[in-house]
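Look at the two complexes coming up: chain A is in both, with chain B in one and chain C in the other.
On to the complex of A and B.
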């Protein structure tokens, strides 16, 4: 023991150095987790700032775009059919007779939905639904074309022709050059 | 007398006891040990100070970042709300586009078919229909469209000309669809020389694509 004490007394600087070294190593070891933790926190905040900056960059003119899109959506919603309003819906189609020189002999609202627009279909609708109608029309080629054009122009309702069959009108009362057309229309409607 | 002799120091060093010998190395052991100890201590102090300095810098940087986030958070929340609204409205518009997705506008299709009708050929019926085509083990159903034109023709070369015109028409071969034009004839009326015919244009969709956009949270 005395020999050890003698040695310690012989090298006081080295002893103090070793003690400081041990203290520093201990403190460094105990606080090593802190730097790691702060680095992780800094990385997370940097990522958050990057996201915020990215969002700010992507949001340039977003307000105007949203306003424009909202106007479109309002315009869409105004033209949606309500499948329960059968008489109003049917009358909508007959009203084409006033504007065009055609005769609409029947309008039938179908219970079955268009399979392409149903769940699992290639054009599946989630926010809206679709109502199908079978319509029989007669008139000249130009008049039927005008009717198809009116349907396409989407005044009053958003609809398209899913199927049609145009025949040369036959029968006793048929005018020469007159055509009869059977149309299957699909109209965009409110979600049930 | 003898005890006095024992107390007297050696008149020369005892070379067997090395600790009593003077340190005669060029660089003394004390110096090397002290230097090493001080050097190691300095290294340890340096490492500790460096680590503390790094922690200090990180704390400052984190405080700045937190302040920056606090300042821009309100704007970011507003942007995210706007983005959510945009996404919702865009979905409605996308759905509308899906609703109208078709290779033809029917009145244009009728005009196109009629424009290719040659002299000596009469249409009696034009049918356009859409259906779902699903092949076993080939994934999702695809849209298929059929245009069926029935009529009468006097000379079959006119029918061939009509079929060729339909095949060559770019409007009847929309992008993303496989198109097949086929014709069928019935028995020729021996009295009038007229042959009833049917031309079928079949289109099957190759694929469909969707896109999404919006902000991150």
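On to the complex of A and C.
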């Protein structure tokens, strides 16, 4: 005991330093789990702050954009076909006759859905479905172009031309210079 | 040294491929807790506007000024998107010798105006007429010529190929090619 006291008196700073070092090591050892936990929590909070800052930056005009997008969704829903309403759907295509001076000789709604747009297909439609139509139409070159443009404009329905074939109109009642065209249209429809 | 060049080349190719990789027009993927960037939202809204409310581009007015490529023109017929040029043989105004070959040549000139081209379907070749009708090989039709008004000649389409067709009357045959003048020949029966 006397030797310890002698050493303490001889090297007071070194002995106290060793004691403090041992205390710090002990405290660090006892609190090491808490430190790791707090470090993870700090990282999470930093990530959240980063997300919040990014969202705050990207939120400019967000409400206006959401309102505009809602309006577009309403516009899309208004133009969707209902597969079961065959007569209304068919009449939609015949209505082009009044506007474009073309003659639509047949409109055939196909029972089978395009496999590419079905579940598991490469262009699967998740919120909608699609209805295919085969349409025979005749008219002048300009009238056929106008019909294609109307389809492209998608004013009444959201559709695209999947197949197109045109030829000079034949037969006894055919007007000279008129063309006959066969189209397969794919129209966006309500989900079944 | 070669290894360094190889690494530099690989890095350049990788960066080049990355830089030129096509990015989709609309990219909506991302974490659900992130607000979509305003520029990405703008792309979506622009696409929706373009598809749902397309601008009037004056296409209809422009289309009215276009000439139909299907309009029948002298010597030019469109078939299946491929222009088939039919050169009509010049009508010989000299005195006509009234034998089968010369009569067939006159009929051939008149008939060529009614032919649009040929169509091969199910391994068989057909002649496409301006009115939309099809004539298969072996079909016969009556024909008259102004020079001999009171007589009707029976002409047979004896052969159809992608390059032309052959008319036959009696012993005479008339090959008609879409890209060159026709000339009547007479089969020797001796």
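Brief remarks follow.
Everything below uses one rule, namely that the second predicted complex is superposed on the first by the 148 of 192 C-alpha atoms of A that agree within 3 Å, B and C clash if a C-alpha of one lies under 4 Å from a C-alpha of the other, contacts with A are read in each partner's own complex, and residues count from 1 in each chain.
Throughout what follows, a residue touches a chain if its C-beta (ideal position, glycine included) is under 8 Å from a C-beta of that chain, and two chains touch if they have at least 3 such contacts.
Keep in mind it's a predicted model, so treat the numbers as computed, not measured.
Judged by the touch definition given at the top, the superposed model places A:8 against neither chain B nor chain C.
Of the two partner chains, chain C is the only one touched by A:140; chain B is not. Of the two partner chains placed around the shared chain by superposition, chain B is the only one that A:21 touches, whereas chain C remains out of contact. In the superposed model, A:40 makes contact with neither chain B nor chain C. In the superposed model, A:76 makes contact with both chain B and chain C. Greater residue coverage of chain A by touch, when chain B is weighed against chain C, goes to B. When the two structures are aligned on the shared chain, A:110 is found in touch with neither chain B nor chain C.
Once the two complexes are laid over each other on the shared chain, residue contacts for A:61 go to chain C alone; chain B is not touched. When the two complexes are overlaid on their common chain A, residue A:177 makes contact with chain C while staying clear of chain B. Chain A residues 51, 54-55, 58-59, 62, 65, 69, 72, 76, 141, 145, 149, 152, 158, 166-168 lie at the interface with chain B in one structure and with chain C in the other.
Within the complex formed with chain A, the residues of chain C that make contact are 33-38, 41-42, 44-45, 48-49, 51-52, 54, 59-60, 63-64, 66, 68-72, 116, 130-133.
Across the interface of their complex, chain C is touched by residues 51, 54-55, 58-62, 65, 68-69, 72, 75-76, 140-142, 145-146, 149, 152-154, 158, 166-171, 174, 177, 179 of chain A. By the touch rule above, chain A contacts chain B in their complex via residues 10-11, 13-18, 20-21, 24-25, 27-28, 31-32, 34-35, 38-39, 41-42, 45-46, 48-49, 51-52, 54-56, 58-59, 62-63, 65-66, 69-70, 72-73, 76, 115-117, 120-128, 130, 141, 144-145, 148-149, 151-152, 158, 160-168, 186, 188. The touching residues of chain B, counted against chain A in their complex, run 30, 33-34, 36-38, 40-41, 44-45, 47-48, 51-52, 54-55, 58-59, 61-62, 65-66, 68-69, 72-73, 75-76, 79-80, 82-83, 85-86, 89-93, 95-96, 98-102, 105-107, 110-111, 114, 123-130, 132, 140-143, 205, 208, 215-217.
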